[in-house]
Amino acid sequence: MASNTLIRAAVLGASGYTGADLIRLAARHPSIKIAALIAKGHAGQPLAQVFPHLVSLDVPKLVTADEVDWSGIDVAFCGLPHGTAHAEIKKLPERVKVVDMSADFRLRDLGTYAEWYGGEHSAPELHESAVYGLTEHYRDAIAKARIVACPGCYPTAVLLALLPLMKSGLISSEDIIIDAKSGVSGAGRTLKQNILFSEAGEGLSPYGIGSHRHVPEIEQELGAVAEMPVRVNFTPHLVPMTRGELCTSYVRLAGKAAAADLRKALADAYATSPFVRVVEEGVIPATQHVRGSNYCHIGVFADRLPGRAIVVSAIDNLVKGSAGQALQNFNLMYGLDETTALEQLPLFP
Amino acid sequence: MASNTLIRAAVLGASGYTGADLIRLAARHPSIKIAALIAKGHAGQPLAQVFPHLVSLDVPKLVTADEVDWSGIDVAFCGLPHGTAHAEIKKLPERVKVVDMSADFRLRDLGTYAEWYGGEHSAPELHESAVYGLTEHYRDAIAKARIVACPGCYPTAVLLALLPLMKSGLISSEDIIIDAKSGVSGAGRTLKQNILFSEAGEGLSPYGIGSHRHVPEIEQELGAVAEMPVRVNFTPHLVPMTRGELCTSYVRLAGKAAAADLRKALADAYATSPFVRVVEEGVIPATQHVRGSNYCHIGVFADRLPGRAIVVSAIDNLVKGSAGQALQNFNLMYGLDETTALEQLPLFP
Amino acid sequence: MASNTLIRAAVLGASGYTGADLIRLAARHPSIKIAALIAKGHAGQPLAQVFPHLVSLDVPKLVTADEVDWSGIDVAFCGLPHGTAHAEIKKLPERVKVVDMSADFRLRDLGTYAEWYGGEHSAPELHESAVYGLTEHYRDAIAKARIVACPGCYPTAVLLALLPLMKSGLISSEDIIIDAKSGVSGAGRTLKQNILFSEAGEGLSPYGIGSHRHVPEIEQELGAVAEMPVRVNFTPHLVPMTRGELCTSYVRLAGKAAAADLRKALADAYATSPFVRVVEEGVIPATQHVRGSNYCHIGVFADRLPGRAIVVSAIDNLVKGSAGQALQNFNLMYGLDETTALEQLPLFP
Amino acid sequence: MASNTLIRAAVLGASGYTGADLIRLAARHPSIKIAALIAKGHAGQPLAQVFPHLVSLDVPKLVTADEVDWSGIDVAFCGLPHGTAHAEIKKLPERVKVVDMSADFRLRDLGTYAEWYGGEHSAPELHESAVYGLTEHYRDAIAKARIVACPGCYPTAVLLALLPLMKSGLISSEDIIIDAKSGVSGAGRTLKQNILFSEAGEGLSPYGIGSHRHVPEIEQELGAVAEMPVRVNFTPHLVPMTRGELCTSYVRLAGKAAAADLRKALADAYATSPFVRVVEEGVIPATQHVRGSNYCHIGVFADRLPGRAIVVSAIDNLVKGSAGQALQNFNLMYGLDETTALEQLPLFP
């Protein structure tokens, strides 16, 4: 693609992990020119000062949003913290498309947003037009959207596994128990004691039991296909690894459905989705097998408890769970092949 | 205690992790003299050759069981693999007490044993007299037993959390879902590809879904207090840490019980148990907080799903989950204070 | 590139880590068709059975070398163990080019080879024509070679750092002390106790002190540019991480050279080398910053000891230290851009 | 020991890692009563709030130093940050003995202190009377001291290895190169980006090259026995593990000394020291083998470079490198057996 036809992208929140991973991937996208990197607290610094692993890139210095000439920007990837993204996105010219990796445009009900994220939404009008960016389930809407709200990492892993099952009526909307496990990078780069190496290493604990902000997002989407309110148990755990997320979902089978039916329904649902893979019977999904890639692996297992099954899904929380899915959505928004710049295979060992 | 009144102990399986941890603890026990270390494959070697961290100990060389003068042995700690322990224990003189850390004497039903462990039991008569060594629940029987079958690591964490709740009728025997997570040392020292550092590190996956051998043990004990057969979902996961085990049990509340009732029942049950601690409301158990110690931390949490609760229990799989509990049982068997040689505080960070 | 003009590659040793990483990279190479995957012990299995992270690839099943129709192969990447590669490579048709990642063709002196690798070399005639594949230093010879012997991971990190300094006479050939640290993947996938997660995790130790097989390779290349025999201290350490290698080289300055002169010499030497980067003054190389990529970062630091300096180099041992450099050499051998299929940025965090 | 004869201890800096490890060990000391826990920023909180792993202890709440009734305190263990300890220690009544784990009383020359620690020392008169607490080398002085300045973690590992060699004239005072590696806990509990799990994990880098504050301490002690100024290269590296420190010291042999002479000199020097162990020939020290214990393992190896040798020493940085050595010194100061409360064996795996 000739340089003058490149799509000019800005990254808001370029000093966070999702920002960095977006830059890592976008820098190798044949249709993207990284035109602005925004990180308020680091304005004036070269990117390599906050992310030395990106030192080989020829990209602009970090700036504040005010310093950007937005007339030269086509699309903004937003990796700002929840609750701050909406105000920044509101300021962008209407012609700039937005791929938001924050939570600010994910919840369709603004009351629910205010309840879980602790504040009024400053851009309700934009909010209404935003499309939920779970790529495999909203491709058409994403292709036409101005603002795409990429799902949280946990909802991505959970919904890819459960949405087709709920939609096809194979599982009950009751009694869904999701035991989720995430690597530490999911907590971001902000300094907190519990994510110090010496605290999180060689250890394991649940957190945010019953109160994790990804709950309403999961319930919203499951409820939409169940066509009734759905309530789930969602219990995340912090695991001593950097990348990776694995959700073990314990579900009640509807009617006479068996694990094999669930596996088939998932395989059918994702037959033409290059990044979602239902693993063969007997294979167990593992975060190692998707690390650094945009893949999601899903396995279905019979339960010892009659009438129940276990669905296991694994992703890289920063790729399919954030920056990778963002780029996948960008590809759809611009009519490009969904896999562009996302072909890297998992990094194992 | 004068040297001539010391209890003379042999360790079978001294080259495995549970054997090593037993030696580590027993070597500092004021009433124990380590009189024989048995490790068939390493006979003739000093212990420090297989476990350099124990180089400072003045203990006998590794030998085969045949080389031991059993007339000089009072008690045998057995850390042999499942399925091989019963044959070795059978050979011991009847006056030798046995603290078995294998699975061979845990299941009261020999049919169940054969089904799950793949073979006939060679010592059914001994089997009958063995006591299940979940210390806090079988103190009296343990004190009088010749053979104590210490529980598996997972059953220890699960049963300490659920037995008092089942016994007091606060939870249903139906629909118990146990999502378990273990550090890699639980897999032992045998060479297997999936526990290589480069395979298990920076990754996470379930294993043995629906087929883990700790299931019948859990069901046996829960069933005993429920006075009816109990079936559970038990799904273990391999976590990139060496020590530590955390079980997240999702239970259905009976009648009008609430999370607070469960917490109180547990606190009452363990009021005089020095090693089991029900954490305060708001505190979340973490394996880091029990690492290297004989403690078990238990927390109870309300569930978003009405009529359910979450019980989280954390132990060090090699201590309370194996060698520590073995020594605790030994203390009871010899009328010693339960905490003797087990007072070490958790190693954190 | 049309499919019929693709270069058809075989991979020998497809079940090892270097084989897997080669496949990971080569599968995305626009000019390569993976035509045969050879892994004797796994013949008949799909690749995904030994490497589930590569399940998305459409590649042939694993076979033995004998099963391959070599007339359809243009190039062989060899990831076989040291000492076994030469015999396999000897059997290949002469028209098949070879990129060898083993040690079998690295040492120009066959006596030295026999001494360090414990055996006669079975293909001395091929050996003579092989080119040492330290890409940045042997580009012209590599471009014309039939057999390229890619350097070991440690020699790559060390030589990229020291060769230009030795060549320019800035450092003494005496008293070179190389303290090297490697992630555990460097030990391969063979089952060994010391690389179990529970053994290598949360710990650190040197190994192979004075006897590591990468010594003669380092001395050969340093000696070649020094034009005299060079002897080095090389002390590797096993570090609890999977990927990454960092060499801290303590060197004696020649004449009045200072750290700044060394930095400049390195910057000049690699001015046109896309993958070798001399970091800015004040920046410290870290394996995190090159993880998963083909980059080598080099830093130079003044020493408190007068007349000495410290040179630090970091690579990913499986990429620039093995499969990545192999592919880089392949690119040169086929007249392709050196960076083809190696553009992935480091994976951080 | 009757409760009224217990030695009443205060811990300054009870919310840091060294403070916590001191409490962990002291709580099991038969002659110590923990009478006050001081942590300014956490005053009013129970200890378990900052260190949940110590929840089982029955100790006083955290307070400020001003809140302590010092008339009831016999000894103060100080785990305050460097540069703040001297001012706090100055305020203590003269009858209170002090075991300081900070750097504030380690350097005999106050000019050197000011240069490396960036400030005037507020208590020069106390400073003069302080004894350097490298236990094995200063037993007599420690036994009589009021203030003992425990060495830094790195100096402990380095000096235990090199002091006897320098003293016996077996190594040259020139050209000592110390490549040091530490687990992340050495950086303390203060929030810093580079010690986040996602930053330090799966990676390795040197830090503080040529400028680490442990340099003058090492040079002071080596210089004292060499009876001349000694300058060393000391290059520390941050390793992805929590506990553990390993120093690889590259030394020049004096006269005709060989590695075996060094090993013998060390063995002689520590023949009656229970915690320092010269490992047998062929055994390689590893931090895993001393983890959680007060042991130091030292190995000596011949170098490929003629006239040089390699000395490797391993400790747990928080135990022998800090809290353990502090308690060992306390034992000497009170005429107790040096090993009291320090008998725990290493925690492996």
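For the reader, a short list of remarks on this structure follows.
Each chain gets a letter, A, B, C and D, in the order it is written, and its residues are counted from 1.
As a convention for this text, contacts are C-beta pairs under 8 Å (C-beta built on N, C-alpha and C of every residue); 3 or more make two chains touch, one makes a residue touch a chain.
Please read all numbers here as calculations on a predicted model, not as lab measurements.
Distance from the centre of chain B peaks at C, each centre being the average of the chain's Cα atoms. Looking for a copy of the C-D interface in A-D, B-D or A-B, one arrives at A-B, which has over half of the same contact pairs by residue number. Mean C-alpha position of chain A lies 35 Å from that of chain C. If you average the CA atoms of chain B and of chain C, the two centres end up 45 Å from each other. Inter-chain centre distance (chain A to chain B, centres taken as mean C-alpha positions): 39 Å. Counting partner chains per residue, chain B shows two or more touched chains at residues 17, 183, 185, 189, 198-199, 201-202, 240-243, 286, 288, 291, 349. Put simply, chain B touches chain D in their complex at residues 17, 20, 24, 27-28, 51-57, 185, 189, 201-202, 242-243, 274, 277, 279, 283, 286, 288-293, 295, 318, 343-349. Remark: chain A residues 175, 177, 179, 181, 183, 198-199, 201-207, 209-210, 215, 231-235, 237, 239-244, 246, 248, 250, 284-288, 291, 301-305, 308, 310, 312, 314, 349 touch chain B in the complex.
Touching chain C in their complex are the following residues of chain B: 17, 183-185, 189, 191-193, 195-202, 240-242.
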